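Next up: some structures, all given as structure tokens.
Both of the next two complexes hold chain A, though its partner changes from chain B to chain C.
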Partner chain A sequence: MALRSPLLFLSLLLMASLAAAELVVVANPRSGIERLTQEDVTNIYLGRYRHLASGLTAEPVDLAGDAALKVRFYRALVGKNLAEINAYWARLVFSGRTRPPHVAENVEAALHYVAAHPGALAYVDRAQADKRVRIVFELGE
Partner chain B sequence: MRGNVHWWHGILARSLMAVVGIALLMGGVSSLLVNRVVGERAYEQSVVKLGELLDTVESTVSIAAFVGDEQLAKEVAQGLMRNSELLRVTIRSNERELALAERAPLRVGDGNRAVKRLLYSPFKADEVIGEIRLDADQASIDALVAKDARFTGWLLVIQLALVIAAAAAAMLFLVVRPIKATSDRLHRLDAASGERLAVPESHAKSELGRLVGDINNLTARLVATIGIESDLLRQQVIDQRKYQDLFDKAAAGIFVADRDGRLESFNRTFAALTWLQRRKETTGRWLADAGWQEPARLLALLRDTLADPAGKATRADDFLLVGRRGDERWLHVAVTPLGDGSVQGTLTDVTERRNEEISARRLATTDALTGFANRAGLQHALAEITPYTPPFALVMLDLDGFKRINDAMGFAVGDQLLMLVAGRIRKVLDARDQVARVGGDEFALALAGEQSRVALDARVGQLLRVLAQPYDVSVAGKHDQIDIAASAGIAFFPADGHDLQELLRSAELALNSVQAAGGRSFGYFEPAQQLAVEHRRRIEDDLRHALDAGELHLVFQPLIDLSNGRLAGAEALLRWSHPVRGAVPPDVFIPLAEEIGLINEIGLMVLRETCRHVATWRNAGLDIHVSVNVSVRQIPDGLPPGAVAGLLEQYGLPSDAIALEITEGVLMHNVAAAQTWIEQLRADGIRIYLDDFGTGYSSLSYLKRFALDTVKIDKSFIRDMSADNSDRALVDAIVTMAGSLGLRVIAEGVENTAQLDILRQIGCGYGQGYLFSRPVKGEDFAQVAAHINTALVAGWQN
Partner chain C sequence: MSGEFIMHSQRWMTMLPLLAALCGGNAWAAGHDEGAAFSVRGFGTLGVARSSSDQAEFARDFSQPGGIKGGQWSGRIDSLLGVQANWRATPELELVGQLVSRYRYDESRVPQVEWAFAKWEPDARAALRAGRIGADFMMLADSRLVGYSSLTVRPSTDFFGPLFFSHFDGADVSLTWPLGGGLLRGKLFAGTTSEKTAMAGGIWDTSGVPVHGLVFDYLDGPWQWRASTASVKFSHDIEIARLLAIELRDFGATAAADALTIAGTTTRYHSLGVVYDAGPLQVQAMLNAIRHEAGYLNHSRAGYLLAGYRLGTVTPYAGVSWWKSSRKSLSTGLPDIPFAVLNQTFDFALSTSVADQTTYTLGARWDVRSNIALKLQWDAVRGSAASVLPFIRVQPGWNGRTDVISAVVDFIF
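Presenting the complex of A and B:
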């Protein structure tokens, strides 16, 4: 979605500034992805899209266990808890055709993975996003 | 009553048939409905089931569709296909078909039922991401439905069978068997002996119990009614026997006949009374068969009775029956309508009564002594005199002096004489003549034949001659002879009277005038006699009226004491001023008043008026006594001595203020009664004068015998008296005689001084006459009295 007016942009900025500990989705800067919508993020994370818009195979990275960030991410993204997300994946795993996201032990590992794979995506606090990754989506909580 | 009931007519069979019929109908209808409902339900259930199947797989399928996982979709589809009712499962995402599983290729237009459901994104509730479709297997559903329906059907059959069995059993035990038992008992029941139906067990309060109760009540009532009926019938039989007996043995003849006299029934007495043969059969007999003298009148009585609108009246009459041998019988027939166009009649033999009536009538119209008709018989015989009756002469015959003979010789002789007279009359009469004894010695003869006077002169003359012959009678066993003559008066029909009454009166008048002329002869009725009679009757009527109208009044003629010329008293004289005829003389109306019985009333009036006047005069100082004439007819009862004394007392008069004048006839008439009457009056101090002395027997012994105190010498002697004739000698003798007997003497009719002189010479005490005064009215009397006492006395020569 293109920003059409300076006013809207301003308002978005304002919102960003308000969410101090904001969740963001980061991608490899080489991925060719500048921005993603919430829908794009949902489809990618929940196995619907296997490819990014740039043609790269999408490789979403999930945090292991019941990390607080993980809980916050799914809550913000699709409004579901981790049990629901696990049950969701349980159905798909049996068919074997769709794979759940790659699991990183922590945020650092996730960032590392993203930096290493051009099609990878991860979710982190805005504060944790460094030069290795590009913020493609800001998740309002 | 039929004894048995075929089972197929029974309540059980019929109600079972009805129950089975209704059950089959209901079973059919309900199995149809059940089939349909079960089918519908089965389909609905299958749809619900499919929905539920879908529910179980929906989330999985949604996930498969979300991620486009064909493998997952196929697994789900195959899982669903394990359900036998599914024919096919189709899963589509928005882009493509993810899975298709089917049992057999689908036929188009099979009417299969399908359930479709849209698939939504697991993460976005409003985003459609695909569709799942389930097609049901119709055949398997149908099979299921059929199975259900079969089950239901069997269930229904079993239920109906049970219901029928239960209904039959209930009917049999609750209704049919009690009814049959009751019915059987009813068949054997002897209600007349008081038996009653027992109420079936445990039905005491059911309809059946009530029915049995009602039957028992009805039976009881019927038995009672039949009892009453049979009693009535028995009573009726007894009554009928009783009435038949009465009918047969009744003393009166009884019959029932129609309006034409056809006899319906009659009893023995009827047959005996009417001399009808009583036969076994009563039909074909007629009332007119009996020998009635007037059968038409009898039948008319029947018809009149039936024609009477009230229809209840009994009519009766006597009818004469004439037997074959000519014997007669009177029957009283009373008929009463029976209301059905016939009459009931009773007959009683009244011959005896009729005969008695006839003989009584004969007795009533016959004179027992002479055998002639009496007055009633004559009346009866001549009752029907009409202008067309041939002329006849009515002769009234009377024996002269018969009463004298009767009195002198007794009734027995009188009767003998009458019988002899009757015998002689009978001999002279024609067969066409009639004779009746109409009074003691009076005979009336109706003579037919030639009516000329010449012929009648001959016949009546001869009759009187025959009757004038001496009669031989026996008086107290001794032979004796009586001479007696007869008189006769003759009147003609129709000239002298149009009916018997008139004729008798005319003949009587003629007879009276013959007798007045001395009798022993006969005379014819003359109209003048009738006129005289009528004149007298008119005067009679007027006289009755006069008394009431006050036309009778008194005048008073002064009585002078010849010794000094003073007024001594007066004689009250009655006058009648008739409004038309003027003054009617006393010697005309007094005898009339005596005859018609008015004399008593008039006499009392005279006495009362006299008393009133005397009282007035006495109050005015006139000390006089007034005499009143008394008729022979007033003595003794017409003027009771007590009444005289009473009147005197009423007017406050002394007893010598009024004197009563009687004639010698009074003394002759009824010696004993007159003597008593006079003695009573004398005892009361009332004076009695003997009036008209010298005209009758003039027996001085009477004067002595009756306690009289005054004699009045009749005016005929005074009038003819002169200085030297026999009348003067007679008056002289009377005065002398009276003087010796201590009687006073009054000379009546003194009209001139010559007579007065002679009377004074003789020594007669009192005188009255025109010389002194005419009779004057009561109101003028005082004035006349004053004149007499002044003028007359002044001129009196001593």
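Presenting the complex of A and C:
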């Protein structure tokens, strides 16, 4: 289909970029975290450094299996596919170092976990972030 | 095609469906809820390799008593299976045990306890581990057996070959703190070795001796830097050298006899490494220097450079590594008449710790699923005829060159 006007093309581009910005990282409102940087989120999810400024230990939550949201999250965060993320964790787990993230079966379970644990963080679509959690980082895709 | 290869192929065929069943989940992490107090998982490699040279056996590292040669396909050097149990007793305390069956110093595959430790993390910045823990002598050294975690079929033989310790009994403490936009992690470890190794056609008891070391890592975005040092003080001699030393001492060649004595001497391992890992690109560069107080063992330096770029589910990679020893000039001081045989034996003993080679590596890793990877690799070892230390049962006519082709499947469950 040919685009009829440059304006329509531009607005489609804009919509596409808005849709792509919908992936967010949420935290428990009692965590004391207002904002995190991409580096912070990477350090927390890759188990490099989970000490939060508030003194709490961050507890990242991952989605189970090959969930599409999980694939998008790791691609946006570190440019890796799930096989690479698994290989990364195989190295750390089997050398007895850091623990991988807590695994939730679905987004609702992830949100429930974050709401119940002050140090917990999860990634969800912006539309799924409800009053139980606070958005602390937005991922550009 | 050799009979052994056919046997291995058949074994593969029967193992693959089993593997697929074993690795049932679509993603590894799916079945492992870290909130759960107890988890069991594992890793393994099934693989065959062939080395073209008839004159020397290619092995993965010093711990292996035999290797592969003569173009015969064999599953000997790379195939292994590991199982690990983690029990999180409290949020701060975790117990970890790992059993691994692999080709070991005594030619058996009797499973051995690789790790068995308690880990205490009072907060996210500090960790203390005590028990049997991984010998983190060089970057990536404590995950060498987990083929799935790495790009290549096996860790570089030139770089990791001399490192026959995989664990020790003791403790380590690590601290992490933010520094200059990145993270600095320091680790101190100390303990006692608990492994024996294959050496000079026999078994060298390298257990029960003190080991300690210091590691610094700096992590900054896609970059990870590492500097480490470790030392081991041996308490047992290599049998052949010990017997020769007794004879030399009888004839008054005390200095030569002392050079052959390893008991009471220290070996130090220094290394520097950097890994750049961003999106599909992965580059590793490392250097090491191994210094032996024992005169009989030559100092050595090694390094490698490896790069891979992922295209979809396939990651082609290429690397170059080298291992070079510096020869110590030692002699018995005894006249050739009537000691020619003794002098030759002494010179021969010294020549057995010479490494002088470069290895070119080309390969590809195919991530079939998110817990199974297939790898195909070609290593071209190009060394001098004197480079015998990396090989086993070197025969006359060895020219320092061999081509190793490997095909493996790595999995985690």
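Here is the rule we use: the second predicted complex is superposed on the first by the 121 of 141 C-alpha atoms of A that agree within 3 Å, B and C clash if a C-alpha of one lies under 4 Å from a C-alpha of the other, contacts with A are read in each partner's own complex, and residues count from 1 in each chain.
Convention: a residue touches a chain if its C-beta (ideal position, glycine included) is under 8 Å from a C-beta of that chain, and two chains touch if they have at least 3 such contacts.
These figures come from a predicted structure and were not determined experimentally.
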Partner chain(s) touched by A:103 [first = chain B, second = chain C, both, neither]: second
Which superposed partner A:80 touches (first chain B, second chain C, both, neither): both
Comparing the two partners chain B and chain C, which touches a greater set of residues in chain A: C
Partner chain in contact with A:58 - chain B first, chain C second, else both or neither: second
Partner chain(s) touched by A:37 [first = chain B, second = chain C, both, neither]: neither
Overlap of chain C and chain B interfaces on chain A (superposed complexes): 42, 48, 78-80, 88, 91-92, 94-97
Of all residues in chain A, those that touch chain B in their complex: 42, 46-48, 78-80, 88, 91-92, 94-98
Residues of chain C that touch chain A when the two form their complex: 25-30, 32-35, 41, 43, 82, 84, 86, 88, 94, 96, 98, 115, 117, 119, 123-125, 127, 129, 133-134, 136, 140, 142-143, 145-146, 148-150, 176, 178, 181, 183, 219, 221, 278-280, 310, 313, 367, 369-371, 373, 412
Residues of chain A that touch chain C when the two form their complex: 39, 42-43, 48-52, 57-58, 62, 64-66, 78-97, 99-103, 113
Chain B residues within the chain A interface of the complex: 59-60, 63-64, 66-72, 75, 122-123
